[in-house]
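Structure, as structure tokens:
Labels run A, B, C and D following the written order; every chain starts at residue 1.
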Amino acid sequence: MEEVILKKISDPVMKDVTLIEGLPGVGNVGKLAVDHMIDELKPEHFLKIYSKNLPPQVLLDDDGIATLVSQNLYHYEKGGEHFVFLAGEYQGADSRGQYELAYTLLDFLNSEYGIQRIYTLGGYGLGKMLEEPRVLGAATSKEMAELMKKTGIIFSEGEPSNGIIGASGILLGLGKELFGVDGGCLMGETSGYIVDARSARNVLEALMKLTGIEVSTDALEAQSEEAEEILNNLREAAERSLESENDDLRYIG
Amino acid sequence: MEEVILKKISDPVMKDVTLIEGLPGVGNVGKLAVDHMIDELKPEHFLKIYSKNLPPQVLLDDDGIATLVSQNLYHYEKGGEHFVFLAGEYQGADSRGQYELAYTLLDFLNSEYGIQRIYTLGGYGLGKMLEEPRVLGAATSKEMAELMKKTGIIFSEGEPSNGIIGASGILLGLGKELFGVDGGCLMGETSGYIVDARSARNVLEALMKLTGIEVSTDALEAQSEEAEEILNNLREAAERSLESENDDLRYIG
Amino acid sequence: MEEVILKKISDPVMKDVTLIEGLPGVGNVGKLAVDHMIDELKPEHFLKIYSKNLPPQVLLDDDGIATLVSQNLYHYEKGGEHFVFLAGEYQGADSRGQYELAYTLLDFLNSEYGIQRIYTLGGYGLGKMLEEPRVLGAATSKEMAELMKKTGIIFSEGEPSNGIIGASGILLGLGKELFGVDGGCLMGETSGYIVDARSARNVLEALMKLTGIEVSTDALEAQSEEAEEILNNLREAAERSLESENDDLRYIG
Amino acid sequence: MEEVILKKISDPVMKDVTLIEGLPGVGNVGKLAVDHMIDELKPEHFLKIYSKNLPPQVLLDDDGIATLVSQNLYHYEKGGEHFVFLAGEYQGADSRGQYELAYTLLDFLNSEYGIQRIYTLGGYGLGKMLEEPRVLGAATSKEMAELMKKTGIIFSEGEPSNGIIGASGILLGLGKELFGVDGGCLMGETSGYIVDARSARNVLEALMKLTGIEVSTDALEAQSEEAEEILNNLREAAERSLESENDDLRYIG
């Protein structure tokens, strides 16, 4: 069995695409952002990616219909520019799998359509709740870095200190070094403790400024407010429970 | 060494086979069901599957005769329909191995005989003892799902929530996506704590309705009753021991 | 880099060889036995086996001279019969590595010289000290089993219950199934806690009866007695220390 | 994707090179020594090594510019002798990766330029602070061992007892066995608890005597003194804190 198997569903006419990756990761920030664009923009699902570097698993929908784990490509056009969204439920299973998947994808897009630019989306986990989470950036060229800074993305020395690990890193790295394509990573600050719709909205807004893609973020907003409400309720319940404990203790003294 | 080595023992005349998988897994439900059919129906053992994706191990029979770990295919014909049973002591050693074994097997059956349908059998572990364990289903097409529901197999939304992992999942997924073959998974509910012959019997009865295969389930029935008796004895012994402890404690107060 | 690299040192004239494996394992029984034969019989070292399935490591001799980790083949002739000893410091690093190493070796010997028979030597760990450790056997054919029983090797139903794992198993299994060569495994019972020269001597004595190879086992005998003496000293020291503790305690009461 | 991808940056004219490896390891001794030579001598960076046997990761510089993890070769000439430095942030991810990276590199250098000799640099961790850390040696030929001893490198029987594991071992081992090139390993004794600039300086001084390379070690000296000062401050602070605790305790009695 080949390392990676590409199964075309349709054959969109496109050239010099901008690849936008949003696979699962810290706070699921990148995945939320790209899945949201797919929900809203209804781009054309044109390629399925199967691989022995993904889990040996089928996923079930509500009707019990089973589908093999895959990564998927979607095509979206806006004002003559061609975007390819990379989405999925899983990243490559290990280091080698990450390389195989990223390399095969880049090689395919590059030889079939040409790649103009790569944006990878992810979360930057800080391990604490944040009042005003920022969007941090990294880029594989100075020009790309300047472009990203102009839209308000923050380049902060030494953050993240370990660089970028996984699909968001390897697509940028291989894209630059082996295919000569510039790229940037948009990292939404997040606690990393929750599926972070607020951080995803921030990343998406930065991406819209960068690419000209327009999409309502209302659903992410709503999801974020809902999550906050749940967290607040939990917090209040915890406080009440603490107070009543104190009440009980009052009678002991 | 190749990833998977197929060693033909005989060359059955068959066409458009129905593949039925029963490898080890949760509660060993699928394995019990398929091994039981092999015991009862005496199908023709026509292929051995060796692979570096299986453990580096020989198994010993009662005479100390050693046999290399393998998966095995058996051919059974009933009323002009051709069934292939997949049995063995082990699933693939890791994710990549699961893909290699499933892909090679499907590719072989597909190109040599054609595959009409795939049934995979397994257990669905619930972590608690069950009064009336059901047989849950999943399928790779709506037609197959309808067919399975008609025989009483239950499609329950959100169960199992993680989809199907391992040979039972990957054979269905690869079968559908790369070989265009519909399939279904029959999952017997089980505690998962024991080798569950009762759950295997349930699965087997559902499979018989689906396929027209007929086989006595008496041996599974007996095995299941034996296991229940042992469990009951253990339970009673535990209760008696608890009571006598309480007797002892009575004298303390 | 190829999975396994064979480097010929010389090109012995031989035919229909008997392969005798003694790699590290439980109690190092097999390794001790084969290394001892190499020390005593001075067979011709004719092949080095390098592989990425062995550790990335050099070993140092007393002069600080470094040698890449390898497995090694030695040729020994006795009365027109040709024996090949397989020795080394390591088995394959993982399951796949075990298969690659065993398959490549068998394929080489089979195509270059022909293989008549395979004996693999190992320990059978019982987790307790033994008064009279036996030599257990397993074989890949009934004829081989009969031959082994005649020399006093014991075939005991259900032992070892997990079959034979690692090089000693996979060489027998692949040898039989893919190369049509009969073989047997000689397992010396051992506690498994120590490097067990006594068990190795037992295995070697059984092997000599089987093969007609003659070699003094005095050195293994001496090593075994030395180990026993050390163990006895340790035991006595432990008992004395316990007694003196008891002496101390006497004064407390 | 190939196991290892070599990307030439320039094409230095050189012949019969001496390879000097300094990848991360115990105390980062080898890496410090080689990175220091690269800082001081400004050798020509002529090759990047990418591999799926390295982590799937980009590293960031202070401006947020991302670079794919790689190993790198530098060319330095001194008096007609050609040296190739191997540097990087990571060794191969696992055993197989170590072999793939080392083999591909040696094969490339050997076929393109010829290799005269290999020096690998590393730390020998002793698990305790040392007054006068030595430089230990190992070599793949007696001639090389003699050469190294003449420059004061110590060959100590039984040290290190496990041989040499990782890039420093495998380059020597494969170099000798498959490419016929002699080599030696210079191991600076180190506690292994810190990034050990003093041990790196010792190794570098020994290497200079061996190779005729001349480079100021002032920066390593300074780094080593700085580290020592920090350690001393920590020690004193710990002692003061202990004393003041004792002061407190005085008033209890």
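Miscellaneous remarks
Rule of thumb we're sticking to: a residue touches a chain if its C-beta (ideal position, glycine included) is under 8 Å from a C-beta of that chain, and two chains touch if they have at least 3 such contacts.
As the structure is a computational prediction, the values presented were derived from the model and not from experiment.
Residue numbering at the subunit C/subunit D interface overlaps only partly, since under half of the positions present are found in both copies. Each chain's centre was taken as the mean of its CA atoms, and the one lying most distant from subunit A is C. When the CA atoms of subunit B are superposed on those of subunit C, the rotation angle is 90 degrees to the nearest 5.
Subunit D has its Cα centroid 38 Å from the Cα centroid of subunit A.
The distance from the centre of subunit A to the centre of subunit C, with each centre set as the mean of the Cα atoms, comes to 53 Å.
The residues of subunit C never reach two or more other chains; the list is empty. In the complex of the two chains, the subunit B residues touching subunit A come out as 3, 92, 95-96, 98-100, 102-104, 137-142, 145, 155-158, 160, 162-167, 169-170, 172-174, 176-178, 185.
Those residues of subunit C that touch subunit D in the complex are listed here as 1, 5, 7, 48, 50-60, 62-70, 93.
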